[in-house]
């Protein structure tokens, strides 16, 4: 089977997105499953279509990754909300959604299908500072997370990881950061723990 | 009818809680309704009982207030989660809850019953910096918010406002702050807008 | 005699500078002295010349004000450094200075000529959250501060106050802020305490 | 000759200090010079005496290290001030100094005797996010920095590096951090660049 890991293209004036770059740092195989990598558009109208085209339904696990510029360390999302609200920040197609449902009439919230507590514990044992988050925001990250939870069969483990800025972004913006290699290792551990919990 | 506004007792070593102090700054009457003020315990086992004792079901509006020490301005919560997770921070009874439902078998999330967009717009027009939040946390604030949404009749407008530190906390901790009088005015506006929307 | 208070023009893409807007909120007279207001250019080459043209040498007090976007409350600077280093942020003339002295051969540092402790205490008594700072940065604020200390007769009280973002900036950037009226009152108090200390 | 690197004992309720732990991660020899490590007390009265006992005057370089809990990455200090002001935070002996000179009648400020720009450039080339700082604070770090600059012969390169929280502190306090191994490598580079500049 395949493990699908996705990142996003750049947005908000950045010239790269750590969530896409982290894909290259993942091993090609985890626990005997091939790792397949995809970069998603930051385009609210297109992302629903692009996600449909990915081999998600039969995957061993689906891990979506995105960037949280204002968090100092990697965070594991517990909840996806049926809500888009971009504030004053358009997506890459120039569109601003406001107070809109992602799936009309869908549940207000869907829980991550990763073993959240086990992943957080494994990160702690590995000495990786991290955050358990109850909000993936109301932008493209949350849209992608909610769409996959709403569409995929319940037996496919599916979750969302927010990355912190990496060293390259930190050098440009003097922001807090977590080394990208550490964040890649955290993703690898999350997948491993997820597959173990499923077995 | 009565407008019920609640705050919390002190916690985490603070000697007062701005969410309790703000109650004294509210007018006694808003749009012809009396304002009733209550201070809730930061005690996960007791709060469910104490809330039952309050005159909430017949209220014109119920606004719960709590302190978010790490936010620079007042925030309006959109969503309550059916989740308690105190991390390593016990409540005032010394208890730590972890990955526990607030209402067994209840909905994962419940939406605020305030007119969120209208309140945010009114705050903006009044020149009050504010945040729209999609996470009230997983501590007592969220517990109180979720319990009221789960228990109160749907026609009672009910919501949660997180206060930023006030000037007194800022002087002690050198944190960002928003003047308590400004936050009190924001609460008054929220109530007014809520009653108008209901009328 | 005259009390001179200066602010700066906008920079870094802002369409106004709170340090210029605050000037309008000051009283016209403090302790019998007229308040004269000037807005300085964010232009490293011009500021030395423009400062020369101001009536500073015979002033009762000189208070320079500038914006510190990353500080949550007003701060009183204790020290001016003989150093310009703009990093990657040009001034409004597009120039970047690096590791350059402001006054060739001048002292490395000059102390504020305001009664720093007395001002901080007065702010505290007035309930105004504030910071005592030992670095005015290495941009135009520090240049203006150092130039005045280097040039003015020792008997002219002279100092620098960094403003925090005001409510208008906070609404745009969701940053921490301190109400501009509170910051104006802090400047008025600083002047009053300075004149008393001098008397 | 010997390269002297110092850290500090724990303070402010921490059970260890990354500036002491980092010493163990340095190589035993840099550019042919032995690395000697010392941990200094957070005791304002004792530190002047303890520094006297160290083999600093004949050292090839002296690098003092301390912790800046509120900075996300390692910072290189440019300036030591002749000022102690502990605010409301006592040293480990319970003493609070306020507006006191470190060396009576000494210069207000002394510049770092490291090749600051060259070190910052070397850190940048090595991909290590860092900050150039113009304030080492007014606590023990600045006291130690100022004392060494005031006492050591001018030909001894001497400077101060503020460490960010490391991964262990980040796990406890959920603060931003920089891996301690990265910070140790930054210190090694600073020493190497300093010795080259001197040669």
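All chains are identified by letter, namely A, B, C and D, in their written order; residue positions are counted from 1 within each chain.
Just so it is clear, a contact is a pair of C-beta atoms (placed from the backbone, for glycine too) under 8 Å apart; a residue touches a chain by one contact, two chains touch by 3 or more.
These numbers come from a predicted model, not from an experiment.
Subunit A and subunit D have CA centres that are 39 Å apart.
In terms of their C-alpha centroids, the spacing between subunit A and subunit B amounts to 30 Å. With centres defined as mean CA coordinates, subunit C is found 45 Å away from subunit A.
Touching two or more other chains at once is no residue of subunit B. A ring topology is adopted by the chain contact network, closed into one cycle in which each chain touches exactly two others. Pairs of chains meeting the touch criterion are A-B, A-D, B-C, C-D.
Only residues 78-79, 81, 83, 85, 87, 99, 107-111, 117, 132-135, 137-138 of subunit B touch subunit A when the two sit together in their complex.
Residues 72-73, 124, 127-129, 131, 167-168, 170-171, 174-179, 182 of subunit C touch subunit B in their complex.
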